[in-house]
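So that you can tell them apart, the chains are marked A, B, C, D, E and F in the order they are listed, and the count of residues begins at 1 in each.
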């Protein structure tokens, strides 16, 4: 169930845990240890630390994601329906951007140590344009469950009618089918 | 400025109006009269009644839009970053859908009198698939300024880099350029 | 249970429905179809589409009501404790008003296509003063469960003590009893 | 302007005060000292301590009122559009009640030391039915500006049309005019 | 579970009570009757009336506490994580203070009838410096469950490591152990 | 002024900037670049990235802090009145803890890659107990202006009366004065 802001207890203990029985482990997430000194991902990869992965975040209105960008990869255009994203580049460089509701594009080239804010509910993307170097970033969200709508898949890999897409994107059915084929899950 | 929920006055009067000077007209919006008995639009058209058009909505957390769909037109895939949309078909029929954050598509065929809910922040669309008949709908929003991110334009008509788009949509630059050309504003 | 603003899931599925099992029908309300082309009500009638009638509205902070006003009828003075009301006249004409917390009355005569805002928690009413023509309106609310406190019944048909009412309304017990008799449910 | 919940500063200093210049006096309200050992009011009287009387409450979501009830007086049926009321009887006894949105009346006879909750946005009243003894109460509100809609005056002393009221209260114009006359401000 | 602001029902009835079965008693708290005319406490004592003691406060965003200060006692420095406190001195006099997040101390000497606001989440205290007279106060909170973090006990009677405390308070382990001994529960 | 949750625009541009004039730089914070490859701090140091340092965070409900812990240093017991803290250890190891409102202490020993949640408004601390190695962490907050109440300074370096402190901490004035001397700013 479902209310991000303002709980009226210190924290929320899942019903299956007896309240008296929890200790510091309940408030600890160790699933990111593997990122330290590990071989980086060979494809773009997001590792979320939200309410699903870390139940102690319930009612606390904050979460993280770790993002790995091999050379030349993107985090495709997407939105988070329930939160702003505050991205910090830990390693490498990223080209980033978002588009506001007046259709104005805001872009930036970020280096390690830079922070960029993607306002709540707007389309945004990141791109590691460097042909050789890996980039690593961490993002904070002001919700325990920010949610992600990845636009290429949402639009072209969920079965939306070809006509709707062709008319909407002012193109022909063949182009829509080509896009759908490219984004279809591999067998 | 900017806070939708919970004002601590009955209503918010813009600074340029002397408070004692307002009357019932301040709370009235007459800009939709023209829709009654008027010639319907020949292209898909959204007429918003939000905080910009109707300043009395400031702090009241609700707004409207009227939507006109000539035969065969769509309201392209889009999101409202700040509100759920509750659509009521007044005339004609509409095929509608939205995609949730697990990439599940929900669709429906609506007739006059039907109401459909598009949950906050999710991608959704409407399509008047009837080759001959006009459709008319009204939508209510739980924000005075729901905002709209129209995805075809946001993605392909705001200057996002071709490389970012080609990699993200797993296609080639030629396809991206074709989509951009189709969506570019006409000279 | 009970929290209107800000859920941290896309939508709320009632426990008795298996989540995977829902489809577009869950997000569709067809109970208003009968209003299209149907014989209008012969008494003032409100048809609500809120969380009770349409469970998919849970957590979405928006709802509708359809209001039918035969000639000469009123929607008696009332308040919605949890939402502003945004009324759109679809047919006919209405005299409307609300009173703010400084006891100032705001009134307006509305025609078809007009929209009027009744701010949250204030006493308001509508009146079809036309002796012959029917009026039809739709209202949007910024809550899934706006609630209604109809003042004539609340004050005079729920058993509030005659003394309390006579002193409060600065009148005599006979007048209170007459009002109570007029508003008592018919046997 | 206007947002009760959640400020992002410790407190809000009015623009006309230089921030560094405030001291403990800004957070102190001395206007109730006169209630201590003073002659009680000879009519029902509410003394509010809200954002208007005590600007330091801005953004703090809490306020008080002190209520004095000479023998046989009522606090007439009213609502607070922006808050629950939590009433504590300090002296004497009170008959209290509220009506929920299903038109159920809840009543209680309170003695000194008793606390009663009037839920947000519902019609409620208090009555000192004792023919001889004074009663004194304090109420807390979960808003800095709860607002009050006093129903006798709102309905019958603000100029609402006689027809609207007669039809709504299912009575005749003469009864409405009599109620209006009783509640009209004295010359 | 657990969200203070904005319920979408009139009130919240605990699952173990059948809704139809509640009456005015559910909304009444009689546990403070004993304070009227009773022998005052011989030590500093807080009597809370929050969601735990009075379940009808669930979702109503308001609560009370009654505070008794024998001569020379303090309410030690503490914070309420979920609410502002609005204190009203009913009897006697109090020296009060709070410290904001810029480390500025605000103090005041209050007499009976005075009201003081302790902003949300800040450290504050009260002191009855009078060597002979008792003081009595009531406090209102804008949450049904304000919570209390009493700093002497939180810091020195919960088992925090001596080293952490000595380094943090820039003192030696002996001083920390002395403070811990003084605050340890008596056998 | 001043409301963290839910703005009704995409973002908030300060009045002194013409809206059309902002670009991607407005959404970028470069002040952390110096942390990359820089000599670590020789004392415990917090570098905040909140609304003060980065105005684009206004209305976005999220912020960061970077924390540097030389060997043997602590981040003294403190609270954030407006947010939960989600700490990620980037380098080294930390002993951490918080105390809930029932006075239960929760502790943990964290290594690089671990995440720990300090719930909103509760007292918490971190300690680099390693005698030789530096530790580095980043924290995310679910508010643009979380605020910090550092307890040693708040209690003993802001001028709170010795008597209040001695009685509250159940110790003598000499101990209080010793603590105050240790925490007083150096001349």
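We take it that a contact is a pair of C-beta atoms (placed from the backbone, for glycine too) under 8 Å apart; a residue touches a chain by one contact, two chains touch by 3 or more.
Bear in mind the structure is a predicted one, so any value in this text is a computation, not a measurement.
Visitor: For subunit A versus subunit B, which are copies of one sequence, does the interface use mostly the same residue numbers on each side, meaning over half shared, or is it different?
Guide: Answer same: the two copies use largely identical residue numbers here.
Visitor: Rounded to the nearest 5 degrees, how far is subunit A rotated relative to subunit C when their C-alpha atoms are superposed?
Guide: 120
Visitor: Where are there more C-beta contacts: A-F or C-E?
Guide: Pair with the higher count of C-beta contacts: A-F.
Visitor: Would you kindly tell me how far, in whole Å, the mean C-alpha position of subunit E lies from that of subunit B?
Guide: 48
Visitor: Rounded to the nearest whole Å, what is the centre-to-centre distance of subunit A and subunit E, using the mean of the C-alpha atoms as each centre?
Guide: Distance between chain centres: 41 Å.
Visitor: How far is the middle of subunit E from the middle of subunit F, if each middle is the mean of its Cα atoms, in Å?
Guide: Each chain reduced to its C-alpha mean, subunit E and subunit F end up 25 Å apart.
Visitor: Give the residues of subunit A that touch two or more other chains, as numbers and ranges in rising order.
Guide: Counting only residues that touch two or more other chains, subunit A contributes 1, 3, 5-6, 10, 81-82, 97, 101, 120-122, 143, 147.
Visitor: In their complex, what parts of subunit B are in touch with subunit C?
Guide: 5, 10-11, 22-30, 32-36, 49, 54, 56-57, 60-64, 83-86, 88, 90, 97-98, 100-101, 106-108, 110-122, 138, 140-143
Visitor: Over in the complex, which subunit D residues touch subunit F? Could you list them?
Guide: For this pair, the touching residues of subunit D are 1, 3, 5-10, 12, 59.
Visitor: Would you tell me which residues of subunit F are touching subunit E in their complex?
Guide: Subunit F reaches subunit E through residues 72-74, 76-77, 79, 81-82, 95, 97, 99, 101, 103-105, 120-123, 125, 127, 129, 147-161, 163-165, 167-171, 175, 178-179, 182-183.
Visitor: Under the definition above, what is the set of subunit D residues touching subunit B in their complex?
Guide: For subunit D paired with subunit B, touching residues are 1-5, 51, 81-82, 143-145, 147.
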